[in-house]
Amino acid sequence: MNIADNQQNNRDEYSRLLSEVQKIRGISIWRDVWMRIRKNGAAMLSLAFLLVLGLVAFLAPVLPLQSPQYQDMVKRQLLAPNVSQISLYKTSVAEYQRELDLLYERSRKWSEYASISRLYDDVAKTRTIWIEARDEIDHRFSNQSVETSEILQSDNSVPNRVQRYFEQFKAKRIQLQEQVSRSSDGQNILKLKETIESWEANHPIHALWSNSGTLTRWMLECRLRFVGDWCIPSVLGTDNLGRDVLSRVIWGARISLIVGIVATLVSLVIGVSYGAISGYCGGWVDALMMRIVDVIYSVPFIFVVIFMITIVKEEQLASWLKSHGIDQITVFFLMIGAIYWLTMARVVRGQVISLKQEPFVDAARVVGASRIRIVFQHLVPNVMGVVIVYLTLTIPQVMRFEAFLSFLGLGVEPPAVSWGLLVNEGIQVITPVRTYWWLVVYPGIALALTLFGLSFLGDGLRDAFDPRMKNK
Amino acid sequence: MNTPQILQVGNLQVGFRTDTGYVSAVNGISFDLHEGETLGIVGESGSGKSVLNLAVMGLIPQPPGKVESGEIVYRGQDLLSLSSNEMCRIRGNRIAMIFQDPMTALNPYLTIEDQLTEVTRWHLGIPMSEARNRAVEMLERVGIPNAPKRIQEYPHQFSGGMRQRVMIAMALSCKPDILIADEPTTALDVTIQAQILELMCQLQEDEGTAIILITHDLGVVAHNCHRVIVMYAGRAVEQAETEELFRDPRHPYTLGLLHSVLNVQGDPKARLQSISGQPPDLTELPPGCAFAPRCSYGDEECNQQVPILNRIKSEGTFREHRCLKEIGCLRDKGFRL
Amino acid sequence: MLRILVTRLGWMVLTFWVVYTLTFMLMHAVPGGPFDSERRVSEEIKRNLEAKYNLDKPWIEQYLLMLEGIVLRGDFGPSIRLSDYSVNEVIAQGFPVSAALGIFAMVFALSLGLSAGVLSAMFRGSLLDLSFRVLATLGIAVPNFVLASVAVILFSFVLQWFPSAGWGSLKQIVLPALCLGAPFAGYIARLTRTGMLEVLGQDYIRTAYAKGLSTRQVVLKHALRGAMLPVVSYLGPATAAILTGSLVLEKIFALPGMGSHFVEAALQRDYPMAMGMVMVYTGLLFVMNTLVDISYGIIDPRVDME
């Protein structure tokens, strides 16, 4: 009786304690961080600036900017900033686009157009493959060091391949001819398709905005349809080839930002996982992993980079990479990211090691939190503050590194533009006699402001993340 | 205690500005400290006991903290009116402090010698050799074996109890009038706790130092303190001679604290009682008695009206409490929380 | 201590070997050789030249021959590009210049960065703190060649205080050293500020204040050591970055350091020269990292040197 009573009392007591504990609500660290960062004026301003910058960079093709590539060394070389409105291009690009749009409009009337068009493209594609193979064999035969017999030996040898490609091309062509003759309007459709193709090939957009991807191309067309040829005058001046600085700065933002962000993310992913694994495992794994970092630290990476770049820029390799969908920018990201992870790994490892011994981790373990929960709910948010501080140190580093490589002529290659390249071009034309300051100053300001913004945002985040700074 | 007063704190108010609002950490506290006396300050975490003593030391971080009003008079001098230079001369010299966690309170980058001699050289202006002798002597007095050799070592080479001994040696090396000990034993093993407290008592007897002992351990209070102040939510809810407080608590909170302690002599089957509810959010104190929401004695009146301080004098001593209910000798009436 | 140094030496040898092998492989992975770009070289001359630099031998033999030269004689061989010089001569001429530039820049960066960082942390949130932080961010944000060209325009062309190029006098070293050191001063100021704020929140700082020490004593004696640890560990990477930065500044200010040979050697396939440069920089970095580790152990007694 007494015991039962006691148990009842115990149960009541515990349920009361439980309900009491449940009333206490924690705030998730991320909400806490957001609430605190909102009060930080400089950080919010930086965040807004960076968001706007990102948006402007993304929307660059839609904005009524001049072409970043259009050169005019006669009339527009090294103009100081001005607002005089001039029509730039010999032919109206918008007009051209309108005509092209009309052709497409016409094509839509025929239901068979789509299939014929597809076949036409296939023919063109197979033809290119064939031509390339044929040129390759010509090239090989002209090179005397290769024995003819050697070429003819294997079944997959070049002449056999050329033959095969040619057969494929012929088959497609016959298919197209059949399709055309089957359709009542076949000839007209084919003619229209050919016209459209030649218009596309001669589109001035290629000369003014080369190397643009599908999305960029679509955005450019939108801009031509809605805004037309009108563009903002050279309010930031022009460079020594007569190109508009404003549009180059904005187009340059695209590459500079992407290099900064993607390369840093690469380094973040490598560094954090490497450091966390090393720190969490401890023991000989840790010792080995850190020794590897030590050795890599002692490698003068700039040399490695220069070697790598000379390798990547080598024509054969470059075209091989390109055919596999990897352009130089991607290689660039990976390379820079692969360099800057070392410090991150060391820092994260140190943090994880010291955090692992903190009582709150034991506390979490005691209440039965799983390993994953401990790492992500308890360790990662605590490491996050330091990681973000190093991120804000790394992004400027990466962007400066890109500028540095551009300075040495190893970075982004024209016609692509980046801020580093722009500043570098500006420096080239500085003379004691006359300084074309706008060439250095505007891209320099863009670079500095962005790095400023990143830095203040990072500081704000640090303060927001660091619980010890909470009430200071 | 019938010795002269050495420290008088009058109506002290300390507040902090935080993200979530203004926190009144110490809200109108007054007490006197006599020479050679040990004054205990008890209360839950966040009741303002540490802030009170940091204010006495002049170590409230400003901003966000601020001593809003009141006075702290040491030997006829209001410490709050001193310049920071003058305060530096008193701090560590006449009023010393030891902290809760000896593991972090010593500088890990400096040797024990550096940290000990620095106080005496600075305050007493004695040369290095003399300061070193004195430091070794102090270490021996606090019971550190092989002191001349160990003085060259760094804090991480000492155990927790040893570090607290070093802290005590450091605090007492200028023979201060007042020693403030902020939970000096909380971070230590139970066996070490007793040793440290014993050491402090012994040194107090030798030197006649007055001690303010901050703790939440009523056992420590019972054995070491002459007077006790019970703090709750920034206010002193009760102040009395130790014996009287334990015999006859006048505030329900004090009573609650006493009930939550294991009594060895009592009924071995009796259950320990806890005080229900949580301490109040200091940014939003209730309009009336801060303890009212958790008090089984509280009624509407308690929720509305801040209780005034009741002062009862008897035989050259006095006691104070802050409760509207004259609950008198609660235990005698068989009161249970 | 001796054991540590011996272990370190072992690692150094290993590092050198790894770097040597890596560099060798990278250099020879690049298609083409040093004589490909020169149009008017006949096959015979090319063959002779290649024989002179051992380039006609198989890779493995080249690898061993070069290694042998370096290990046994400390000789990197003749430069391919600068046909009258050996690599050792080029290094002997350029190294003092680069080293002096680097040391000046480092001293400047440390003295400015540390004091700015400490002051910033002590007066957190004040106008002084804000302006130091803006300056530090500016130093970090502006690439050093932008800074250098602005400095040249301003101080050499407009104000004519310092020469715009050349080497030899103290006046000529000021501008390049300042431009080279500026970003590092910025980093160091940031790191010091962060470290200082962290340390100032520690319990032992409260203890130091409770002892009655003045703010100056607390900061200089108790806080600075802990706050300097991140700076010290940054000095390793900073050395690498200064090496990189000096490439640019030597180019802008026309200084006869190693930097100009650095890029050229890689681009023009001057294998012995490139190898020499890589090994010198590796050695420098290794020594610097070792020094950093040792001073870390001196500053923080808790760090176990073993």
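Letters A, B and C mark the chains as written, and numbering starts fresh at 1 in each.
Following the convention adopted for this analysis, a residue touches a chain if its C-beta (ideal position, glycine included) is under 8 Å from a C-beta of that chain, and two chains touch if they have at least 3 such contacts.
Because the structure is a prediction, the values reported are computed rather than measured.
**Student:** Quick one: point me to the chain whose Cα centre is farthest from that of chain B.
**Tutor:** Greatest centre separation from chain B goes to chain A.
**Student:** Where's the contact count highest, between which chains?
**Tutor:** Top of the contact-pair ranking: A-C.
**Student:** Take the average of all CA coordinates in chain A, do the same for chain C, and state the distance between these two points in whole angstrom.
**Tutor:** Going by mean C-alpha positions, chain A sits 29 Å from chain C.
**Student:** Roughly how far is chain B from chain C, centre to centre by C-alpha average, rounded to an integer in Å?
**Tutor:** 54
**Student:** Distance-wise, how many Å sit between the C-alpha centres of chain A and chain B, to the nearest whole number?
**Tutor:** 60
**Student:** Which parts of chain A, given as residue numbers and ranges, touch two or more other chains?
**Tutor:** Counting only residues that touch two or more other chains, chain A contributes 472.
**Student:** Enumerate the residues of chain C that touch no fewer than two other chains.
**Tutor:** Chain C, residues with two or more chain partners: not present.
**Student:** Quick check on the complex: what are the chain A residues that touch chain C?
**Tutor:** Touching chain C from chain A are residues 291, 294-295, 297-304, 306-308, 310-311, 314, 316-317, 342-343, 346, 389, 393, 396, 400, 403-404, 407-408, 420, 423-424, 427, 430, 432, 435, 440, 444, 447-448, 451-452, 455-456, 459, 462, 468-469, 472.
**Student:** Show which residues of chain B lie in contact with chain C when the two form their complex.
**Tutor:** Contact set of chain B toward chain C: 57, 59, 84-85, 87-93, 96-97, 99, 101, 104-110, 118-119, 122-123, 154, 156, 167, 170.
**Student:** Give every residue of chain A touching chain B within the complex, in rising order.
**Tutor:** 9, 16, 20, 24, 36, 39, 470-472
**Student:** Name, in rising order, each residue of chain B that touches chain A in their complex.
**Tutor:** 16, 18-19, 61, 64, 271, 276-278
**Student:** Where on chain C is chain B touching in the complex?
**Tutor:** Spelled out, the residues of chain C in touch with chain B are 202-204, 206-215, 217, 221-222, 225-226, 299-302.
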